[in-house]
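Structures incoming, each one as structure tokens.
There are two complexes below, and they share subunit A, which is joined by subunit B in the first and by subunit C in the second.
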Partner chain A sequence: MLGFRVERLWADMTGLLALLFHQGVLDEQFLELQQLQDESSPNFVLEVFNIYFHEAEKLLRSLRSLLVDGEFSDYKKMRIHLNLLIGSSSTIGAKRIRNVCIVFRTASDQNNKIGCLRALELLEYEYCYLKNKLHELFQIEQQRILAAAIRE
Partner chain B sequence: MGLECSSQELHVLAVDDSLVDRKVIERLLKISCCKVTAVESGRRALQYLGLDGERSSVGFDELKVNLIMTDYSMPGMTGYELLKKIKGSSKLREIPVVIMSSENVLARIDRCLEEGAEDFLVKPVKLSDV
Partner chain C sequence: MARKICALVVDDDPMVRKIHGMLLIKHGLETEGVENGKEAVELFLSGKSYDLVLMDMEMPVMDGPKATKELRAMGVRSMIVGVTGRGVEAEKEAFMGAGLDSCWDKPLNPKAVVSMLDQLAKK
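Moving on, here comes the complex of A and B:
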């Protein structure tokens, strides 16, 4: 029974990953990160993602504030934030987020407030989706490790 | 990975304003048997290298950096500006500098190589790049 559970969890995990790849949410850079995880750094991927979530949330809040608060938007500052988010999103393999940021950046270069607002909303949506799916993925992984340990 | 690190580890100074990128580059370099110091800006990098006029309390030999890897797009001082400062210093110009950028802009690459960059890596950086 426990053996079945481990196999089932493994299938869930690979299924979810396949979905995320298929949807273009993640790209192969995510797999490159997995390569950096080993016995000497067993939680590496999780640690990197936690830093990313923390950094991204701060940037998203700041971007919203720059666009919505006050009459004039500081597009230069927005560009600095977006460059940072583009870089770290591509480092972790968050392909869709990266692409939305690039669209956002183009709109900010054109001082296009409406375009920026639309891009921001899409970015917030994509971010929530990624975060939820990755939490699901990490949870399944944890359960799988636990079930495998119990089986042994 | 199971690589055996010799006692002659390269000391790499990594410069990037993103904490995510610093963590990943640090790991990439450690797996490749390098000692890593990661800083968040060009200004901090120059401070570490002892090039900002302030005397560091540690002897220069201990800080000896064998390679500098820097992000291109950083607020304040870009990777390109940092490259120029390093190549403009008699003390540091021998240290190879690698520029990393998430954008594949030919003019940018040419400019960096002309200024003396050892290499230009397009992000995201992979283990095979290192």
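Moving on, here comes the complex of A and C:
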């Protein structure tokens, strides 16, 4: 019974990952990260993503503030934040987020406020989607590890 | 027993320090990390030495090119490898001109690390 549960959880995990790859949410850089995880650092990917989420949320709040607060938007500062987000998203394999940031950066280069606002909304959506799906993935992984440990 | 190769990861991004640090550890290196070029220079001034320095290009306080120039001016002969998230060729050339042994795009992968270690072995 426990063995079945472990297999089922493994199938759920690989299915969710396959979906995220198929949707273009993640790219092969995510797999490179997974390959760095082993028994001596079993939570490596989770730790990396926790840092990413923490930094990304600060940047997203700042981007919203730069666009919405005040009469004039600081496009130069926006560009700096977007470059940081593009870099960190590329590093963890967050492909769709990276691509939206690139579109956002183009709009900010053109001082296009409406374009920037649209890009920001899409970016916030993509970020929430990625965060929710990865939390789901990490939860399944933790359950699988627990079930495998109990089985032994 | 052969001593481990020591590396210093210089990057203001904590995520990059973690990933690049782990990549180096997987290849058998001992690693330390600092947040900017000034901290890297201070480590060398304190007497510490490293075989390999991974130097980010853009950092607050002291950026990669400035830190590299200072380290070379101090006589540091460690292998200094530039790492940049921006693909602007002119900036990479200027970074190389500061005294790097090589420059790679972020994020590094195992192939890049093997190439660096090969270069280090030849030094």
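Basically, the second predicted complex is superposed on the first by the 152 of 152 C-alpha atoms of A that agree within 3 Å, B and C clash if a C-alpha of one lies under 4 Å from a C-alpha of the other, contacts with A are read in each partner's own complex, and residues count from 1 in each chain.
Simple rule for what comes next: contacts are C-beta pairs under 8 Å (C-beta built on N, C-alpha and C of every residue); 3 or more make two chains touch, one makes a residue touch a chain.
The structure presented is a predicted model; accordingly, all values stated were derived computationally and were not measured.
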Could you say whether A:90 touches subunit B, subunit C, both of them, or neither, answering first, second, both or neither? both
Let me test your reading of the model: by the given contact rule, A:41 touches which partner, first (subunit B), second (subunit C), both or neither? both
Please work out whether A:59 is in contact with subunit B alone, subunit C alone, both, or neither, and reply first, second, both or neither. neither
Please indicate which partner A:51 is in contact with in the superposed arrangement: first for subunit B, second for subunit C, both, or neither. both
Please work out whether A:29 is in contact with subunit B alone, subunit C alone, both, or neither, and reply first, second, both or neither. both
Pick out the shared contact residues on subunit A: the ones touching subunit B in one complex and subunit C in the other. 29, 32-33, 36, 41, 44, 47-48, 51-52, 55, 83-84, 86-88, 90-92
Which residues of subunit A touch subunit C in their complex? 29, 32-33, 36, 41, 44, 47-48, 51-52, 55, 83-84, 86-88, 90-92
Residue ranges of subunit C in contact with subunit A within the complex: 13-16, 18-19, 22-23, 26, 85-86, 106-107, 109-110
Once bound in the complex, which stretches of subunit A touch subunit B? 29, 32-33, 35-36, 38, 41, 44, 47-48, 51-52, 55, 80, 83-84, 86-88, 90-93
Touch list for subunit B against partner subunit A, complex: 1, 16-21, 23-24, 27-28, 31, 71, 73, 75, 102, 123-127
